[in-house]
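First the structure, in the form of structure tokens, and then the observations on it.
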């Protein structure tokens, strides 16, 4: 019992002592806790201001974007009256946002996509190719943005004349024209290559005698069903930006077959429709096996 | 069946490894079925040679037939001897529409104009490339079939690959090629190697390259073992970064197997310590040669393991970028390319 | 850039944490695989190419009980990089919580002078110097076991022995004849 | 690195001090099992590892007067595989004749037992000749060099067909360390450097015969990086008198698959780089009052110059390729004077400077010997 009582007295004494000490210490504590609160308040205020500013700029940018999209980029600039510093900045930001969305949209429809590299000193363009809804290879091209635009590393095969394309569509000034032409060449090449692949897969009876790396020449061996005569059909894709041949010629032992009307419209058919589809119709019409 | 054909057949059979001999002969198809069966490929090479010489007698094969057999063998295993790449320059406007038959005729006409005694055999192989075998003779001797030159060309591409060709024959061959492909000039591409497929892939960029993309997927490190949760790499990010830059410079996954790269340096010495050497006027001339069974893979490991500092110096990355493995480097940038 | 401190965090329960520093980053992975197979104690292994360690994963990194510098004697750079990394260690580690692991010591291409520099370095740091054979799997497991014994002591899991006491027994001493100058 | 282990006593260990003697032995045994005892601490004091800080620059002193040209021709332009040999017990230069006969009989006996079975060609008649390379020494402590040549002839070859040399080898000691040579007991002859070239099976036969006859043992002798670098400096230094035509260095970088780097310098440029580095080192020594190094008449080359030269070459390489060659292993060094490979293959192409190279190799052999 003794223990509890004394324990009781001692604990009470120590508690009282604690309270006395804490009361003495509180005033300074109180002061610095007050100071702390003040500083948090200031921080919060600055944060609120920043957020407000951001909202404002966003609103302006949205307004400008809407104006820009309606009348196209150029007129919108004159319409903004106050030439103050931040309005120029706002207009720039709006323009930047617009371009970004444009590029994203362009990429979605299978166009090319651009991404910044090595801390802004270079740009990497990725050109996706596709044919009849099927995505094929994606080619990449790095361009260095020093004083003059220079083509760096790329994985475009050598039979696509990248450098001459760059000169023809003077890349330095009009890069969109250059990328457009390049994308066209690459898509046409991918399309032609896909066609040759489909011909080999779908038409076992048709023999592909010759093609080349650029798929700009296609020589097919067709057989006329009844008389089993062999017909040599050469398709020449001189225009490398399109998937359709520019010249089709037919050779055969009996001379007048190429002249016959059926084969004439076969030639026009081959000129207008992709070769694997043309062969299907010719098979259906019974001209070839 | 004169003895030159016999010697050619002997040399050829000695050259073809036994395991390939059976398939090559079958592809050649000039042996009758029972002759083909009677050949026992487990016997030593000289026994097989004797049998084939006997068949040669029987079937009356000529040198032409033997060269056909050789061509089948060479096109099937192109990685023999050294191959040199050449680049065709500024095409005429009808160059893109050159056709195989047209190329064949033009090449034969032009080469025989330049040198009368030459035997040319041209074949389109399954890899869409035009293979040319040239046996050179000079003004009064018949073509020597024992040391032919092989030329490989993909139509409509600005590149031609040649096996060993002597200094005398090279201008003739180049001239004929330029005229046949409707280009105006040809120059040494400074790319050579033992594997034709390798130098062709480097030049045609037929290997996987890595490019910065908007949605970077982490490249799989080759030795990416299933990482145990207890083991953590502190500097994982920087090693991944090094690996990314290494793959950007030397390609990802299977890379063309070049064997060597040679740099002729004539550059001033710039040492931080000794001054006399730095002020010395003339440059230091030295030749640096890198050799490995798979050069690009070795360089890639150098860069990703940190032995070569990243980003990779343009000297090394221009092997893949420019498709070259011989460089002359002087103080004012690249030497005469 | 975080200076590694031996007592900056609370230790885990029945856990021992080891940091393997190797410039070549070849042996450390195999050593780590061997170390984590230990079941009696959960061994956390951190791998690094050089010190200082990045500040980024400072929080997630447990308290390191033992730092092992792996030096490949055939490469001059390996020794230089280890010496450079040593500067980023808190002096507290040099009381039995550092160990040098040397590979290829018997390789013929190694100039003897290099092994002497490593031994003098180890002696001056009062830390043990282990020679490991890294070409065969059991060479690696053997080295892992020896590291494990030191690690357990360094992590304080072995009663009656402290890291400092063990290091005093196992630290590398340089035989006197090494410093004797040339014959002439 | 001055000796600190005695001073920097941590407090705890000083408590342990009284029992130092017992704990010291305890520590040494425990210490060795932990692996710090490398083969180095086993060597006795005398041949303890030492770092040669400077060597005499090679001078084309007339070796041809000391050694006969025909004998020199035997050693030159041939690639030798190096081994070290422990001192030979009771080897007498006078009894070379009997040694030839005994070795010849030994080889024929081994051949009949079909020991050397996988040997191509049925050579079976042999002729062995021991000879002394008069004058192939540097100091009077060195023992005379011994040259062994084995000729053979296929069995069924007629009498008229001459014997052709199938194997040759020689033992030499070029300026071995005097106090070691003098410390050898009387009937021991020390020829530490063994060079052999020829069929592998014959080399092992000759080695086993020597081991049985003179109670010695052979071992492979590699050339480590520092010694290869010494050869780079020594050979480059000769360019002022003898055109070394090229300085070729080969490294192997430890990557998968291994990458070999061949770095070939134009001799004149290499020499000028070397000369400018020597001048820098000498200027620095003059400025800081310099250690009392040997007379600096260009007579001797110091390790500092060698290291700086290699450093300069590597830094020139690094400036271009940003690859640090010191991560790799120096494999081979070659000039017009000769070539040396890390795996212990040496080829002397010109005899005028071979003495310095042989002095370096003798030192390597003495150091590598286990006793």
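A, B, C and D label the chains in the order they appear, each numbered from 1.
Definition applied: contacts are C-beta pairs under 8 Å (C-beta built on N, C-alpha and C of every residue); 3 or more make two chains touch, one makes a residue touch a chain.
Since we're looking at a predicted model, the values are computed, not measured.
For the interfaces B-D and A-B, the C-beta contact count is higher for B-D.
Once the centre of each chain is set as its mean CA position, chain B and chain D turn out to be 42 Å apart. Centre-to-centre, using mean CA coordinates, chain A is 50 Å away from chain C. The centroid of the Cα atoms in chain C and the matching centroid in chain D are 34 Å apart.
Counting partner chains per residue, chain A has no residue touching two or more of them. Shown for chain D are the residues that touch two or more other chains, namely 254, 324, 327-328. For chain C, the set of residues touching two or more other chains reads 24. Which chains touch which is summed up as A-B, B-C, B-D, C-D. Looking at the complex, you find that chain D touches chain C at residues 1, 3-5, 8, 10, 12-13, 16, 23, 26-27, 30-31, 34-36, 38-41, 45, 48-53, 177-179, 220, 222, 224-227, 254, 324, 326-330, 342-344, 367. Those residues of chain B that touch chain A in the shared complex are 96-97, 99-100, 124, 128, 154-159, 203-206, 209, 211-214, 248, 311, 317, 320-321.
For chain B in complex with chain D, the touching residues are 263, 265, 267, 269-277, 280, 282, 284-295, 297-299, 301-302, 305, 307-309, 312-313, 315-316, 329.
Chain contact summary for the complex, chain C toward chain B: residues 19, 23-25, 29, 32-33, 36, 42-50, 53-54, 56-57, 60-61. The touching residues of chain B, when paired with chain C in their complex, are 223, 225, 228, 230-235, 237-239, 305-306.
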